[in-house]
Amino acid sequence: MIVVMKIGATKDDMDGVCKRAEELGFTPHIIYGKERNVVGLVGVMGNREEALMLENYSGVDKVVKISKPYKLASREVKQDSSVVDVCGVRFGGRDIVVIAGPCSVESEKQIVMVAEQVKAAGAKMLRGGAFKPRTSPYAFQGLGEEGLKLLAKAREVTGLPIVTEVVNPVDVDLVYKYTDMFQVGARNIQNFALLTFLGQAKKPVLLKRGMSTTIDEFLMATEYILSEGNRDVVLCERGIRTFETSTRNTLDISCVPVVKAKSHLPIVVDPSHAAGHWGYVSSLSKAAIAAGADGLLVEVHPEPEKAMSDGAQSLNPNQFITLMGELRAVAIAVGRYM
Amino acid sequence: MIVVMKIGATKDDMDGVCKRAEELGFTPHIIYGKERNVVGLVGVMGNREEALMLENYSGVDKVVKISKPYKLASREVKQDSSVVDVCGVRFGGRDIVVIAGPCSVESEKQIVMVAEQVKAAGAKMLRGGAFKPRTSPYAFQGLGEEGLKLLAKAREVTGLPIVTEVVNPVDVDLVYKYTDMFQVGARNIQNFALLTFLGQAKKPVLLKRGMSTTIDEFLMATEYILSEGNRDVVLCERGIRTFETSTRNTLDISCVPVVKAKSHLPIVVDPSHAAGHWGYVSSLSKAAIAAGADGLLVEVHPEPEKAMSDGAQSLNPNQFITLMGELRAVAIAVGRYM
Amino acid sequence: MIVVMKIGATKDDMDGVCKRAEELGFTPHIIYGKERNVVGLVGVMGNREEALMLENYSGVDKVVKISKPYKLASREVKQDSSVVDVCGVRFGGRDIVVIAGPCSVESEKQIVMVAEQVKAAGAKMLRGGAFKPRTSPYAFQGLGEEGLKLLAKAREVTGLPIVTEVVNPVDVDLVYKYTDMFQVGARNIQNFALLTFLGQAKKPVLLKRGMSTTIDEFLMATEYILSEGNRDVVLCERGIRTFETSTRNTLDISCVPVVKAKSHLPIVVDPSHAAGHWGYVSSLSKAAIAAGADGLLVEVHPEPEKAMSDGAQSLNPNQFITLMGELRAVAIAVGRYM
Amino acid sequence: MIVVMKIGATKDDMDGVCKRAEELGFTPHIIYGKERNVVGLVGVMGNREEALMLENYSGVDKVVKISKPYKLASREVKQDSSVVDVCGVRFGGRDIVVIAGPCSVESEKQIVMVAEQVKAAGAKMLRGGAFKPRTSPYAFQGLGEEGLKLLAKAREVTGLPIVTEVVNPVDVDLVYKYTDMFQVGARNIQNFALLTFLGQAKKPVLLKRGMSTTIDEFLMATEYILSEGNRDVVLCERGIRTFETSTRNTLDISCVPVVKAKSHLPIVVDPSHAAGHWGYVSSLSKAAIAAGADGLLVEVHPEPEKAMSDGAQSLNPNQFITLMGELRAVAIAVGRYM
C-alpha cells in the first residue's frame, strides 16, 4: 500500500503514519518528492484493512492499494489457463461451449423437446431454471424440485449435462442431487453465504457477474468459492447496469479480454440477458466468440411467445439453428472449434 | 399496457395483436394516429408478463407498461403515510430517528460503550453487525451469534432497541431471538428467499437499497415483505453505484422525495456507507434531514482508527455529539423534532 | 403521446387534460381502464413539447412519448441502409472499412510513415488529430493548421483519404479545406452549434457517441446534421462511461445491432478509446466486426511509447498488421470483405 | 507517480522502467516489497503523460498517479475559500445566493414580470436563457441577442444582476456586452475552446458540471478558465447521469462537501435540472443548503404550464415564495444567511 501525504504535511505527520504502519505489521519506506511525500508500506503480513484507516491521520491525502485483493483467481499466481470439466464438456480449452435452453423449466414436454432441439443444433449443455429469482413476488417463481426432476429427465433423454440456478444456501444439497453444474445468478454475486456453500460442494459453478459488479469484485467473488476448495469456476458476463435503456443491460464485452488478462479462469457470455431482446442475440453472440469468450449461455424456448418468463429474449429453435451455423464460422475465424 | 405499432403496420398486424391480447385476458382498444396506431390493453386480470411478448409480433414497435408493478407499497393505494413502531421508536412520524453504532460488533466493551455514548448524544436505536457480508473472504466476517448476544447486552444496559443485519435465510430465526428490527443489506435487496422469510417474521425490517437498484425495484422488493403479511418496513437510501469515485457510493438524495411521493412507507438515509469517509457524513446527514428523511443510520465507533471494518467512514463519539446538535437545528428548520 | 391518469383521477381531471390537449393541437382519445384511464393524444401537428407539461395537471400520473424524436435518421422512415462515400471509400456497403492512424499528428515524418504503414496493412483511410480536446489545459493540444497540412501531405503520398476532428465551429471552414471527412469527438456530441455548421458543410461527418449519450440521443444528434441537408453521416461507438474502471470506457457493443435496427446510417467502432489499453484492442476489434459494424477506427503510432497523447491505447505497426489479418478472417465469417 | 511491477518482474524489467523514468525527467526510487516491487517517480518537471506509457513496459502491472491534475483550483494550493463577486452579489461568503428565473427568455413581459417576482421573494440574481442548447433540432432554440436585450431590460427594471448561458465561442463577445456572469451549461463542460475564451473574458463564470463529469474532471475544467487569468469561477452541481430514471438526473449532493474539501471555489446547486420535476425542487433545495452549498439556481416561470422549455421543472412564483421562506430557516440552521 502507498500512503500519499498532503502538500505541506509535517514531519510529525510522517512520523505518525510510520509509527502506525509498524504497529500494523508493515515496514514503511518514505519517498521524498518535490511537492509531496509518499510512504510505501511493505509486508504481506501487515493488516491491510486497518491500514486504509491511515486516511484519517493528520497530513494524509489518501491511501492507494497496490496488491490485488484476489489471489487464487489471479493469473499472476497461476499463469496457465484453467480448464473446467463438466461431465466431459470442457470450458477454457480449444472448443467453444454453447449452453442453451429455456429461462424456466415449465413442463416435461417443454424441457425435453427443447433439449433435443438444442442438442441437434450443437449445444453441449442444457440450461433451465427451477428456482427463479423474480423482481416481482407476483411473477412465476419456478417449479422447484419438480423442475430439477424434469431437467434430469431431459438429461437422461439427450445425454446433455445440465446447469441450473441455486438461489438459497439451504437448497444447495437439493440442487446438488440433480445438477451437473450450479449456476449463481447476477443477483447473488455477493450472496456470500451461498458462495461459501458452493465452495464446499463438489460440483462446478457457473458464476454470473452482478449488474453493478466491477471486474475486480467479480474475481473477488470467485475467491469465496476457490478458497473453500472448489476450483471449478466458470465466469459469465451477462451485462451491467448503465444509463442506456435500449437494451436490458449493457453487455460489457471488454470483460472477456480483461478477465483473460487478469485471471486463469474460463469465461462465457450470456447474450440473452444482456440484450433483453432476441433480435440482438445473434449479433452479441458472434461478438462474444470473436472477443475470445470460451462459450455462450443462450436462451432457447420452443415457443418464445408463450414462455412463462423472459420470452422476449429467447430464440426459437429455428433461430438457434441459424445462430449455431453462424457461430461456427466465427469460432473458426478466431482459431476455436465448436 | 400500451402496444405501439410501427409506422406502416398492416391491418393484419393490428388484428394479430388484438387477438392475442384477448387470449391473454385483455380488452384491446385501438387509437388510430396520424403516423402510427397504438393499442391499449384494458383489464386488471390480463396476463401482463406474457403481454410483453407482443413486442415480438409483426408490426409492433414496442410495449409500454402503464400500471405500477408494486401495489401494497404504493401511495396510490394507501394515501396516508405509514408509521413503523420499533419498541416505541416511531419511524415516519413527527420525530427524526437517529440509529447509531459501529459497523461490526467487536467486543462487549466496545458495543456497550458505544451504546452508552450514542444514547447520551440522543440516538434512539443501536445498530451493529454480527453477520457481515464482505467483498473479500479474507476480511473479518463478524462474530455471529456471539455478536447478537453482545447487542442484547448493550440493549439491556441502555434500553436502546437494536437493529442488526441478517444475510442468510437460515439465520432468520436465530436473529429474531435477539433483534428488535431486521436489517437487509444492499447486497441482499434481491435475495428474494430472505425477503420472503422476513415477510413471515413478526418484527420490523429496515431494507437497504441495492447499489444498482432503481427506486421502482426498491419498492418492488418491499412488496415481497409486505405481501407476506409484514407491513412494518422502513426503507433506507445508502448510495448507488455511479461513475463517480470521490465517494464510496453516490448518495441519491432525490430518493427521499421520490419515495415519499410514490409510497407511504418511511425512509431513512445512511450517510456513512454513501460517503465512505467520515469527513462527508455531517454534510450528508444534514442534507438528508432537510430533504425530508425520517431518520438516519450513522456509523459511530469508540475508536474508528482501530475499527475492524469500515473505520474510515465512522464518526468518533465526539464527532457524533457535534453532529446531533447540528441535526437538531436542521430538523426544527424543516418542522420535525429529534 | 399517452397521458396516464392517476388511480382515482376525477372526471374534471380528465376534462382538463382533454381541453388542454385540444388547445395544443391534438385530438384526445380516452381509454377507460379498470384501474385507471389513459388519454391518447393524436395528431402530428400537436405541440409535443408543451404536451409534456400535462404531467403537472391535476390527476395526471405521467406522460409517455410514443413517437421517436428523430425522423431523418430512422429506419422507419428510410428502410434501406445508407452508404456514405468518402472519396470512393464506402461505409455501410459490403466492405469493412478500417481507418487507422495516430491520436495526434506530431510531425511530417511521423504522419507520413504511419500512413504508409497502415496503408500497407490494408487500412482504407488515415486518421490523425490536429485539434485535440484535452481534459487538462496543461496537456498537448495539437498542432492546429500545421497538423492539417501534414495530414494532407500524408494523403498526397499514400492516396488515403483523411478524417480529422474539428472542435470549434469557427474552425469548420479551415478544416474543410484539408480534410475528406470531419470527425466530431465524444465531448462535442451535444455541441449543437458545431453540428449545425457541419450540417451545412459539404463533406461527410464521422460522429462519435458521447460518454453518457443514449442511443436515442445519439440518433437525435445526427438529426442536427441531417436536417441541415448533409446526409453523409457515419456513427461511431467508442465506449460509454460506467462504474467499471478496468477499461477507459465501456464499449457498448450492443450499440451496433441497436443502431442497425433503428437507423439506416452506417456505424463503425473505435476500440482504442473504449479500451484505453492496446492489449484489449484486438479482442474488441474482432467483436465489433462480428457484431456487424461497418468499420473500425484504430489508433496506430510508429512508436506508441513515445506518443504525445493516448500512447497507451495505440498499436504499433506490427501489431496492426497482425490485427488486420485476424480481422479479415472474422469479416469473411460474417459475410463481409476487407 | 508510482509504477507497480508485476509479481515475478525481473531485474531487467526494473532497470528498463528506471532508465525510461530518468529519460522523462524523473528520479526513480524503488521500494522492494515481499510480493512485488514498486517504483516511485519523483520530480515535478517529469513528463507525466509519457510516464503513463510505462504501463506498456515489460514487467509493469500498472501506473498510479499521485499528484492531483488540477493546481489553481486546489485547496492544497490555496487554503482559504474564494469569494466571487458579481456586481456586489458574493458567492462563497456568509450569505446563500439564490439565482432564479425561467429556463428561456420568451418575451419582455415574461422576463420582466418574473424578475420582479423573484426579486420580491428574495432572489439576488436573475437567470434566463437566450441561447438554448436543445437535444432536438426541432425544439425552441432561444431568442438569441433579442433575449439578451430583454434580460438587460429586466436588470434595468429590478437591479438584479443577470447570468445567461453562452454555447458557442463566437458568441462570447456578444454575450459579454449584456451579461454580468457567463453560464457554461452541462453539455459544454469539455468545450475547451469555449472555456479558454471565457478564461480570457473579464466577467465571472458559472460552470455547470457535465452529466458524466467526475468531480476531478470538473475541477480540471475550471483549470482551463483559471489558467487563462480569470479567477472568478463558481461551480454548479446539477445532477449526473445514472441508471435511475425517476428523476431527470441524479443530484450528486456529495459533490458539495467534496468540492469544499478539494477546492477553494464556491459551489451552488441547480435542483431544477437535477429533479426534472417541480415537485422535488423544494426538497432538493433544502438538502443543498443543508449540505453546505453557497447558493442555488432555481427555475421559476410565471406560468410553468405554458413555458417554451423545461416547464415541468419550473416553480411558479407562489411556489418560489414558499420555498424561499423554507430555505431561510434551513440556512439559519446551518449558520448561513439569505
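Order of writing sets the chain letters: A, B, C and D. Residues in each chain are counted from 1.
The criterion applied here is as follows: a residue touches a chain if its C-beta (ideal position, glycine included) is under 8 Å from a C-beta of that chain, and two chains touch if they have at least 3 such contacts.
Since the model is a prediction, treat every value here as computed from it, not as a measurement.
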Chain pair, A-D or C-D, that carries the greater number of C-beta contacts: C-D
Remotest chain, chain D as reference, centres from CA atoms: A
Length of the line joining the C-alpha centres of chain B and chain D, rounded to whole Å: 30
Chain A and chain D: spacing of chain centres that average the CA atoms, whole Å: 38
Cα-centroid distance, chain C relative to chain D, in whole angstrom: 26
Shared-contact residues (touching 2 or more other chains) in chain B: 212, 241-243, 245
In the complex, chain A residues that touch chain D: 2, 4, 6-8, 29, 31-36, 38, 40, 42-44, 61, 64, 66-67, 76-77, 241-243, 245
Complex contacts: residues of chain B adjacent to chain A: 20, 49-50, 52-53, 55-57, 69-70, 133-141, 167-170, 187-188, 190-193, 196, 210-212, 217, 220-221, 223-224, 227, 241, 277-278, 304-309, 311-312
Chain A contact footprint on chain C (complex, rising order): 212, 214-216, 240, 242-247, 250-258, 260-262, 274-275, 279-280, 283-284, 286-292, 326, 329-330, 332-334
